[in-house]
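For reference, the structure I am asking about is given below.
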Amino acid sequence: MQTHTAKRVEITIEAVMQRRLTEALESAEVSGYTIHPVLGGSGRSGHWSREGQVSRASGMVTVVCIIRPERLDPLLDAAFSILDRHIGVVNVTDCVVMRAERF
Amino acid sequence: MQTHTAKRVEITIEAVMQRRLTEALESAEVSGYTIHPVLGGSGRSGHWSREGQVSRASGMVTVVCIIRPERLDPLLDAAFSILDRHIGVVNVTDCVVMRAERF
Amino acid sequence: MQTHTAKRVEITIEAVMQRRLTEALESAEVSGYTIHPVLGGSGRSGHWSREGQVSRASGMVTVVCIIRPERLDPLLDAAFSILDRHIGVVNVTDCVVMRAERF
Amino acid sequence: MDTILSLAAANLISPIILFFALGFAAALMRSELSVPEAIAKGMSLYLLLAIGFKGGVSLSEHGLDARLFFALIAGVLLSFALPFVAFALLRRLTGLSVVDAAATAAHYGSVSIVTFVAASTVLSSAGIAAEGYMVAVAAAMEAPAILSALWLMARSGGGAAGASALGPGLIREILLNGSIVLLIGAFAIGAITGPQGMAQIDAFIVAPFQGVLCLFLLDMGLVAGRGLREARGLLRPGLLAFGVLMPLIGAVFGLVTGLVLGLSTGGVALMMTLSASASYIAVPAAMRVALPEARPAIYLTLALGITFPFNLTLGIPIYMAVAQVLTGG
Amino acid sequence: MDTILSLAAANLISPIILFFALGFAAALMRSELSVPEAIAKGMSLYLLLAIGFKGGVSLSEHGLDARLFFALIAGVLLSFALPFVAFALLRRLTGLSVVDAAATAAHYGSVSIVTFVAASTVLSSAGIAAEGYMVAVAAAMEAPAILSALWLMARSGGGAAGASALGPGLIREILLNGSIVLLIGAFAIGAITGPQGMAQIDAFIVAPFQGVLCLFLLDMGLVAGRGLREARGLLRPGLLAFGVLMPLIGAVFGLVTGLVLGLSTGGVALMMTLSASASYIAVPAAMRVALPEARPAIYLTLALGITFPFNLTLGIPIYMAVAQVLTGG
Amino acid sequence: MDTILSLAAANLISPIILFFALGFAAALMRSELSVPEAIAKGMSLYLLLAIGFKGGVSLSEHGLDARLFFALIAGVLLSFALPFVAFALLRRLTGLSVVDAAATAAHYGSVSIVTFVAASTVLSSAGIAAEGYMVAVAAAMEAPAILSALWLMARSGGGAAGASALGPGLIREILLNGSIVLLIGAFAIGAITGPQGMAQIDAFIVAPFQGVLCLFLLDMGLVAGRGLREARGLLRPGLLAFGVLMPLIGAVFGLVTGLVLGLSTGGVALMMTLSASASYIAVPAAMRVALPEARPAIYLTLALGITFPFNLTLGIPIYMAVAQVLTGG
């Protein structure tokens, strides 16, 4: 099967910032992404978990974007414009995709 | 620790097609996979989200399969036999695994 | 944007073992991880799914850790000390991260 | 006509309609108010269990009736027939492709159980009795329309794909879908255990029913409003007109059927409501499998964003009033 | 014997049994009907809160009783002892490995709170009173069986692993598991606030109780049926026989205990039910941690797919009838 | 004083307080007992719908009252003013940074609807009436405090960031947050449909209310206890003192306002409760967006781990008793 290289960007961010992040992605013309729920985690700001958390207001989500390699920089600029003051992590992996016209 | 190279295949597909996809995987002798929920996303067919969606009937899931590299092609054939007419995306990443006898 | 190489470790494990795993990770000084829910899956011990499972007691979760490459071995040792007798899978992918001081 | 309108107006200020309107308005104003998916699904299980059980108990009280069988057959035939009417109307009023029109037509041949529940509630508030077995008719009307839609596709040359999707897997999924199984199962249990069974669980399924329906319709309003807001670009006048005309046409079919069957006033009103309503759970899922090229944004927005609110607010009181006038009830 | 059978038959057509049967049948027919996990968990919290609170209020009405302490001790001893009986029976009837047999034995020493809830409901429908503190006995019987199973493993040489897993972490998890804490906590609150507290919340915990139990048992039927369907290959005749014999043997132990303690008719029936029932929540979770080599498909299918339906349909009416005959109640 | 204390003691043994205490204790003992997130959210929707609707019906029964408008304005002013008091107190008692102090102050200017619900329940159990429109006052007090906190930040030089975050997006999110929309919407529906609407849904929103509140407070106890356990390192004596003093100071502001407005005994008690309570849903979410540098562990632990339990157990009976004494009610 014909394959194409692409980047898989995984952004874990506070749920309250989700809409702002996806709006920023869309204005950077990244229109394909998938959002996964997060049950809990740990980082520099400590532990949290969906069941034990002090407020239902918090919580995080993970946004995964598959993009063409040349679109990586605008995507990261958009993501960090939102992540800047907020907690969250980003990682980028090389991947291959099949139906390239989709990305 | 002894490591082995493998492929990580990530398939995001409509929830109504999940059973058909896993049956196709199993008939291609891919018997290991993990299914993750999806909260929402965006693509060529527009946005959707689990809370705001027009029908509870829809929604997507992500299926992750770790396989030996030589099993990739049959897996992709099986996946695309289902994905063909449906919305969804697939990406493949190189990874390493430890207990190779499991895959 | 300045990037750094890192490892993305993905561990799928029974939910009842989650606390023991994260405690082992923390004692191996891995303090950053994110936990994702799992809807179902299949492996050598057969199928299961969150809706159809025989007991609500079971179920799995996926723990994702992004770490500096040199921390991989202690992490894997910690993980396998828990995984040893239990079902579950681990895979490791190369990735890049931006704000390296976080990892 | 005057009575019909004043009845409709009275209906509009009941809590169930107003909670639906609240959800609808909140969604249009982009409030983040939302009902968790599990709660919405839990409430829909509750409503199905309660309405099915009540229907069964009422059947056990009034005894079996040959009309039950005729009503079932009539329901199945209506569900088969209405998609053809809807398809023809869509091709006339709108520029929809064949696949979009066929998929939409399937929704209007099938039924919305929540619309049925709302109509039953309004009827019983008004003290109008209906045949308990109408619940079974509702269940029987869910699936046949799907076959009509696939047949419409096949006739237009798109059949290969649709027909191949309609394997035994899909047929079993449609016939044994959760709503049908629970509705029919609860109906059977109600019929078996009768008033004695009712005495054991009425504090759960009767007293709080309308309140649960309020919370459920709040969520329906949110979902319908969000769908409408996102798909507003698609809603050309032709589609809008279809969304309001088709339920009225369906209701006429239901009216004639109800009168021919000799149903009670309430039964006629329910038959009209079923024919007028459009599915938004079972049929969309089947369409995603069998006709994935059809656009959900079209059929869901029509069924849930236009026809459901129309039936809930104006349709049901109109159908009730017409049934009362024509059955002399 | 005749009375026993006719009582059992009457019990079989109550809504709670029939909703369980509906779920079971739907699962066997592979319907996609399902109850969201959060709703199922919410209902189980409700049932625990309600049954615990009611037990506590009843205790506060009848005053403390020395038998409470004897009953608690007896319950703990039964829970310790029954796994040995179960283990011996399993080794005789089936070809299970030591670890599978030990893990399964733990389930049968412990209890199923839902079976207890169903029995309490049937008793109170029949107007048979029982000691309120039986709720506390149920909680006391959850955990001891787990220790017996680990001891059985250790004796067979598999102990190192099991014992190492049984750190203070696991013991705390078992003793403070959610069901025990809520059951005992609600029992204590019921005992403290008494009939006054009951007056404040009875519309929530008494009136709708049986209805909620119907919906809950629908889900249990779905889960049990699915488990049975997936594990049908494992169910050799020996295992099947164990799944029906063991509850009857357990019930005899419970019967003797209840008679020796001098419990009321209802109390004896509940003691029999507890001894006959098998855990399917707390014990499986503990076994996954402590004996991961044991196969859940074996012990869950037995406890939930065979013994639970057996107790719900035939067991409870038999235990009730036997208790009535032997206590002259 | 004596009456106040004995009233407080009586309040402590009600089921709702005891279920909260059960959850709190279970969390401190690290039990895994938990309520699924969807169930907790579902119950909070229920409580908002019920309390809003009841307030609206009561308004429709007693007619509009000019005091409604004055009470709304007074509520808004209190919500604006209290953060300044809280900020000054925090800077005096604790070593918190400006941003942590400002964010915490916002929580104490805003309100906790659950505390309001608990106070309403205790009042109605005691047979003390209150103005139905206090529900609308509660809604009006949610948001203004957020603006005060951002202004406090701006004045301290941290304003650029905060102000930029306060775009139209955030303002809309705050004003149309789910709780406000549902509370006000249900209030309006109650006011429109009046006692007739109430008759239709009271079996859902009145009878089971206290029972649902018990289960809800069990979860609040679990969440508060877990928060407190994890953040115990942060809780210096100064913070602890603030968590208890600030509600008392707020209550005094509420008391004066209530007396000046000429509210009934119940109305004064509710105004005190609102002023004394601290938000833990709407304000934390707004602070994560607008002041992400502020530490949630500080403000949530104070609002939910200290002030909420204080108000629930001691605060509400004190406010009630004071209101009774000073209004001669």
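To keep things simple, chains are lettered A, B, C, D, E and F as they appear, and every chain counts its residues starting from 1.
The rule is short, and it goes like this: a contact is a pair of C-beta atoms (placed from the backbone, for glycine too) under 8 Å apart; a residue touches a chain by one contact, two chains touch by 3 or more.
Quantities reported herein were computed from a predicted structural model and do not represent experimental measurements.
Participant: Count the C-beta contact pairs for B-D and for D-F, then tell me which is higher.
Facilitator: The comparison resolves to D-F.
Participant: Taking each chain's centre as the mean of its CA atoms, which one is farthest from the centre of chain D?
Facilitator: C
Participant: For chain C and chain F, what's the span in angstrom between their mean Cα positions?
Facilitator: For chain C versus chain F, the centre distance works out to 39 Å.
Participant: Give, as an integer number of Å, the spacing between the C-alpha centres of chain E and chain C.
Facilitator: Each chain reduced to its C-alpha mean, chain C and chain E end up 34 Å apart.
Participant: Give me the residue numbers in chain B that touch at least two other chains, ranges are fine.
Facilitator: Within chain B, residues 36-37, 93-94 contact more than one other chain.
Participant: Could you list the positions in chain D whose residues touch two or more of the other chains?
Facilitator: Residues 34, 36-39, 41-42, 207-208.
Participant: Can you name every pair of chains that touch?
Facilitator: Every touching chain pair, ordered by label, is A-B, A-C, A-F, B-C, B-D, C-E, D-E, D-F, E-F.
Participant: For the complex, which residues does chain F have touching chain D?
Facilitator: Listed in rising order, the residues are 36-39, 41-42, 45-46, 49, 53, 172-173, 176-178, 181-182, 185-186, 188-189, 192-193, 197, 200-205, 207-208.
Participant: Where on chain D does chain B make contact in their complex?
Facilitator: 27, 34, 37, 40-41, 161, 169, 222-224, 226-227, 230-231, 280-282, 284-285, 288-289, 292-293, 295-297, 300-301, 304-305
Participant: Show me the residue ranges of chain B that touch chain A in the complex, using the header's touch definition.
Facilitator: Going through chain B, the ones touching chain A are 10, 12, 36-44, 49, 60, 62, 73, 76-77, 80, 89-94.
Participant: Flag every residue of chain F that touches chain E in the complex, lowest number first.
Facilitator: 13-15, 18-19, 22, 25-26, 29-39, 42, 125, 207-212, 214-215, 218
Participant: Within the complex, which stretch of chain B touches chain D?
Facilitator: Residues 14, 16-17, 19-20, 45-47, 50-58, 85-87.
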